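Two complexes come next, and they have one chain in common, subunit A, joined by subunit B in the first and subunit C in the second.
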Partner chain A sequence: MSVATSEARPAAEAKPAKKKRGPEHRPGLNRWLPYLLLAPAVLAELLIHIVPMFVGIWMSFVKLTKFYIANWSAAPSAGLNNYKVALDFNNAVGEGLLKSFGVTVAFSLITVGLSWVFGMAAAVALQPQFRGRSLVRTLFLVPYALPAYAGILTWNFMLQRDTGVVNHVLVDNLHLTSDRPFWLIGGNALVSLITVATWKLWTFAFLTLMAGLQSIPRDVYEAAAVDGAGNLRQWRNITLPSLRPVNLVLVLVLFLWTFSDFNTPYVLFGTAQPPAGDLITFHIYNASFLTWNFGTGAAMSVLLLIFLMIVTGAYLLITGRRSRRG
Partner chain B sequence: MRLRSLVAAAAVTALGISLAACGGSDSGDSSDGGSGGDQTLTYWASNQGTSLDNDKEVLTPVLQKFTQDTGIKVNLEVIGWNDLQTRIQTAITSGQAPDVVNIGNTWAASLQATDAFLPFDGDAMSAIGGKDKFVPTALATGGKEGTDPTSVPLYGLAYGLYYNKAMFAAAGLQPPKTWEEMVTDAQKLTNPAKKQWGMALAAGSYTENVHFAFINAAQNKADWFNSDGKPTFTGDGNVQGVLRYLDLMQKDKVANPSNAQYDNGTKSVNDFATKKVAMVINQNNADSSIVANGMKAGEYGVVPFPAPAGGEQVASHVAGINLSVFKNTKHKDAALKFVKYMTDATTQTTLGKPFSSLPVLKDAKPVFTTDATEAATFADVYNTKSKPLPLVPAEDQFESTVGKAMNTMFAKIATGGTVTADDVKAALKTAEDQVAASS
Partner chain C sequence: MGETRGFKVYRGVVLVVLGLFVLIPLYVMVTSSLKPLKDVQGAFTWWPSNLTIAPFVDMWKTVPLARYFVNSTVVSVAATVLSVALAILAAFAVSRFKFRGRTVFTTTVLSTQMFPGVLFLLPLFLIFVNINNSFGLQLVGTRLGLIITYLTFSLPFSIWMLAGYFDSIPRELDEAALVDGCGPMGALWRVVLPAARPGVIAVAIYSFMTAWGEVLFASVMTTEANRTLSVGLRQYSTQTNIYWNQIMAAALVVSVPVVIGFLLAQRHFVAGVTAGAVK
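For the complex of A and B:
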């Protein structure tokens, strides 16, 4: 979709300019050219996103259980039944979904917050020139460059109770506790999940904010320094407002990514996921694939989409109003 | 305005990705069964040997012999257990299926319900050599009772209690005959200070856990489904059976709490093979792993997994791997010939040793071990002391919901919590509701 939007504008602006040059020269092609150029992107978008999305919405209204997956066009309509099951919070399925939703909200808020703070701190710290700066920058990008699976699997090894390096350091070397804590089951699972997700995500925040910082003119800082503003003041009154547009996009994208994160819990916990690490996309996957009930799973996905759309809409409305006022 | 559209574009893209990811899961591989009159079967084998490559090595000469005999080529793919069920689901949904496939026999009734598999009716059954050649209890796992099965047994497996002979001798103990003796022995052999435990449990594996929920409840004469196929998880026998198994870690303290993270049976078997634990309950295919980890054949013994005194003598479920033919195969006759060949006495003997499996044929002798007592024990368990898992379409849901509930309860125990009979009952009630909601 981003491709489609950004291409649409230059194409539309180019139209009158071309007309001036020679309307008599193959007017038909000129008229259709923008659409022609857009066609591959639109087609790909349809195939990859829009069609599966509508299939998902259709699935949420049918009784697509194991009795019908071999011939799913014959699956009977379920009306709103799948939604009723998913939203009946007195029932085991609805209750599970609600709990998972709560875990996901907590996980997303904390992960986005931490990622942003780390990303901002690192970007600001690496702003001034010093020897070895590019080396440190490269090092910071490692989690982002590493294939997600390899990175998370390494964390899985590190977080094992008896053989993991985390417990080796905490218990054997530092003697912080006498009992070896579990990191991948029980309550600590959420802590592990947030740690791994933040490790994976913060470099993206760092990269984006660093790029944003490059566009702030140096002389503004110099002028502020002459006026006696300290580092913190400079950050609050120059850096933060200048990065506002970047932050708006960054926080939203980080939130949407974390909220629908599947890889991290899937690779970190495998088939033995603990309730404290039961993120919503993983929960939906289990609800549909382990119990072969794709209708209810699809209904949960649609509910997730609606929720994220509401959050995004509200976010755009609020931030948009503020920027107009400012 | 510019900023807003940028933010909106980014948001829409991210949203789209999240939903599209939920929508489809086609693996997109085309496993076409050859073109035109060329007879090539596609065969999905499960992981039975020590690795996927090992399976390939073992099966290739067997399949070559089939090609020599019949002129039918077989295109082999070995699939790990983590992927097999999803791959089969995808194959059913997309219609892009192999011709012949291995299934865990406990999935048989669930897969039968999809109507994607060829029923072995009178004709098909006689084409593969008749139903009388199979062990009746093994064939009974092929599908719902009273229907034409959609799968036939290929490799038979059963649980047994493996014990370390040297450790038992040093403590002056005899192998246990009842559950109570097993616990007492295990307690005597547990010494956490020396990092030695009486037993190892795959307490983080929902598939292993659910088997023990089933066996322990069966020892209490309790069933998981009534005759209408409705779940009856919260009966007293079910609750007490589950609790008895959990208590090995909780009350009896004969298993290392770390076992709560063991998400497959291989990990507990490795603890036994490396002599960290005195006992492990596993299916007979543990033999190859035990020997691969350095233990010699005479160093361990096997007895049936014991029931409590006065309980029902159920020591295992009828475990194993079945063969199914996809209904939409273009090579039905060739596929049936292949099934006949794989369940033939010669092939069974050839594969029985490398895969440590029990024969599924009447009158066949187990060949997976040279230890005659061990072979006799497993054959006895398989033929007389095992009960099939519930043969109902919701069996797969029983496995995932009850198994995962047990994972969670083991995790609670391992992290210092307490699980009472009421907690077990509440957890099983939730599992029962989940199964009821999706049937």
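For the complex of A and C:
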């Protein structure tokens, strides 16, 4: 495969081709051809994403308990009741959602921050050529390539109280504490979630930042070194500004992924989620499928979507304005 | 960046710390898969005292792993083939034609990638249940339901990445093919696709990884008949025992094909990811 791959230049290195008069010079069939080409993809997206999204919004306004699942057209309207229940922070459902939201915000901010720092540290360390560089790079990519559940199951084993390697290191090897802490129940659950999610996610940040670093010409650094700029100054004045466009997208993508992370809590805790590790997607999942109350679950999902859209919109607005000024 | 002494120290520290962070779980996975059950049920030991390959043999008997394997393979391969085919057609349209609704299409498709899966999960489950009730087409608990669901998961990113690849292929090549009497589809098949082969391979591996590792929808849409590996591996935890050595062995076996595939195609991923980020 590697022989074939070196022939075509990947998109990153090619200049965007100018819009020339392409094959559309024959009218008639060619006018419809692009729509025909898109039709299968559009149909699939409609069936799995677009229509379910609107159905989900509709569901959030009806009383869709288990009696109506097979016969949903008979479900009575609930008005705004599902939203009222989800947002009434004085009752159990609303309080649970609010706590879960708080846990998720903390989880996302810390996981994204750690992943970015680790990814940046490794990408910068691997920037100059040295012996064994490609081996290290390949090794660092393994957690990303691994199926998510395989990695998380391994961590589940490692975090077991009596048989896991984490407590073995902390208690038996380093003697930091005398009694073995629980990692999968109780207050430490959030620490475990962050560790496992970061383990998987930082390598994606690394992959992206490493690719971004390749586009910075070497002679910029050489000129800066001649001017007497040290490594740290070079990083601050050259590397960081050059990576700005990459960072803008990377941080947003990392945030959206972590905020709706389901795999990590589900594989780590099963259905018995500890309150400290009750991430929002997992919370909605349990609220819907354990109680079979789809209406409230749908309302929570819509609230989550609205929140993510507001965050994304605000993020794009703020970063866009700043780069126009700069 | 200069190779000063300070930088070498920095690099050493980063490589050791992050290297251990990455390696320890992999090491635990491999060594635990080679331990007998009583050793993984006792205190952890760094060095396995009794090496055995029994977990790799027993894991097929404890749970119907072979069936999960077949299910995952059929679902992932079918979803990949369909997803790549649909992505090629759509990316060709986006890259080579000017038409009304082009921007609407690309932004809509890309934004679906951003929505959390749980948002579609409940309605899709309900739609599938009702399709079954109205038309008798069973989608919950069958491979078909998983295939059509998974093919859309990788579709947005695949279209986006392939359109970037196609853009980098000179249009003069298509035009030469058109002059030679090929239709636009002939140009796609004979000129554009061969030149974009690395991109197609990368997209195929990405689609396969997405389907192979999916957990959320598999946990709801599968029953014993169509259970995939991502959910099936949980079956090693029974009321009486958790077969950690077999879990680790199975996790290892299901990981090896995707990890090798990804590492072989990593260069094209990097190119695709940055192309999007820089645009």
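Operating definition for what follows: the second predicted complex is superposed on the first by the 300 of 326 C-alpha atoms of A that agree within 3 Å, B and C clash if a C-alpha of one lies under 4 Å from a C-alpha of the other, contacts with A are read in each partner's own complex, and residues count from 1 in each chain.
Following the convention adopted for this analysis, a contact is a pair of C-beta atoms (placed from the backbone, for glycine too) under 8 Å apart; a residue touches a chain by one contact, two chains touch by 3 or more.
Keep in mind that this is a model prediction, so the values were computed, not measured.
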item	value
More subunit A residues in contact - subunit B or subunit C	C
Contacts of A:Thr154 with subunit B and subunit C, given as first, second, both or neither	second
Contacts of A:Thr319 with subunit B and subunit C, given as first, second, both or neither	first
Contacts of A:Phe289 with subunit B and subunit C, given as first, second, both or neither	both
Touched partner set for A:Pro275, first subunit B, second subunit C, both or neither	first
Contacts of A:Pro245 with subunit B and subunit C, given as first, second, both or neither	both
Partner chain in contact with A:Val85 - subunit B first, subunit C second, else both or neither	first
Subunit B versus subunit C as contact partner of A:Phe262, first or second or both or neither	both
Partner chain in contact with A:Leu308 - subunit B first, subunit C second, else both or neither	both
Which of subunit B and subunit C A:Ile48 touches, first, second, both or neither	both
Set intersection of subunit A contacts, subunit C complex versus subunit B complex	1-2, 5, 48-50, 52-53, 55-56, 59, 69-70, 72, 162, 245, 249, 256, 259-260, 262, 270, 281, 284-285, 289, 297-298, 301, 304-305, 308, 312
Subunit A - residues contacting subunit C, complex	1-2, 4-5, 7-14, 16-17, 19-20, 22-24, 30-31, 33-35, 37-38, 40-42, 44-45, 47-53, 55-56, 59, 64, 69-70, 72, 118, 121-122, 124-125, 127-128, 130, 136, 138-151, 153-155, 157-158, 162-165, 167-168, 172, 199, 202-203, 207-208, 210-212, 214-215, 221, 225, 230-231, 234-235, 245-246, 249-250, 256, 259-260, 262-263, 266-267, 270, 281, 284-285, 288-289, 294, 297-298, 301-302, 304-305, 308, 312
Subunit B to subunit A touching residues, read off their complex	3-25, 82, 86, 89, 92-93, 95, 110-111, 113-116, 204-206, 258, 260-261, 263, 393, 396-397, 400-401, 407-408, 411-412, 414-415, 429-431, 433-435, 437-439
Touching residues (chain side subunit A, partner subunit B) in the complex	1-2, 5-6, 48-50, 52-53, 55-56, 59, 65-67, 69-72, 85, 91-93, 95-96, 160-162, 180, 182, 184-188, 245, 248-249, 252-253, 256-257, 259-260, 262, 270-272, 274-275, 281, 284-286, 289-293, 296-298, 301, 304-305, 308-309, 312, 316, 319-320, 323
In the complex, subunit C residues that touch subunit A	1-4, 6-7, 10-11, 14-15, 18-19, 21-26, 28-29, 32, 40-44, 85-87, 89-90, 92-94, 96-99, 102, 105, 108-109, 112, 114-124, 126-127, 129-130, 133, 148-149, 151-152, 155-156, 159, 161, 164-165, 167-171, 174-175, 178, 184, 187, 195-199, 201, 209, 212-213, 215-216, 219-220, 229-230, 233-234, 244, 247-248, 251-252, 254-255, 258-259, 262-279
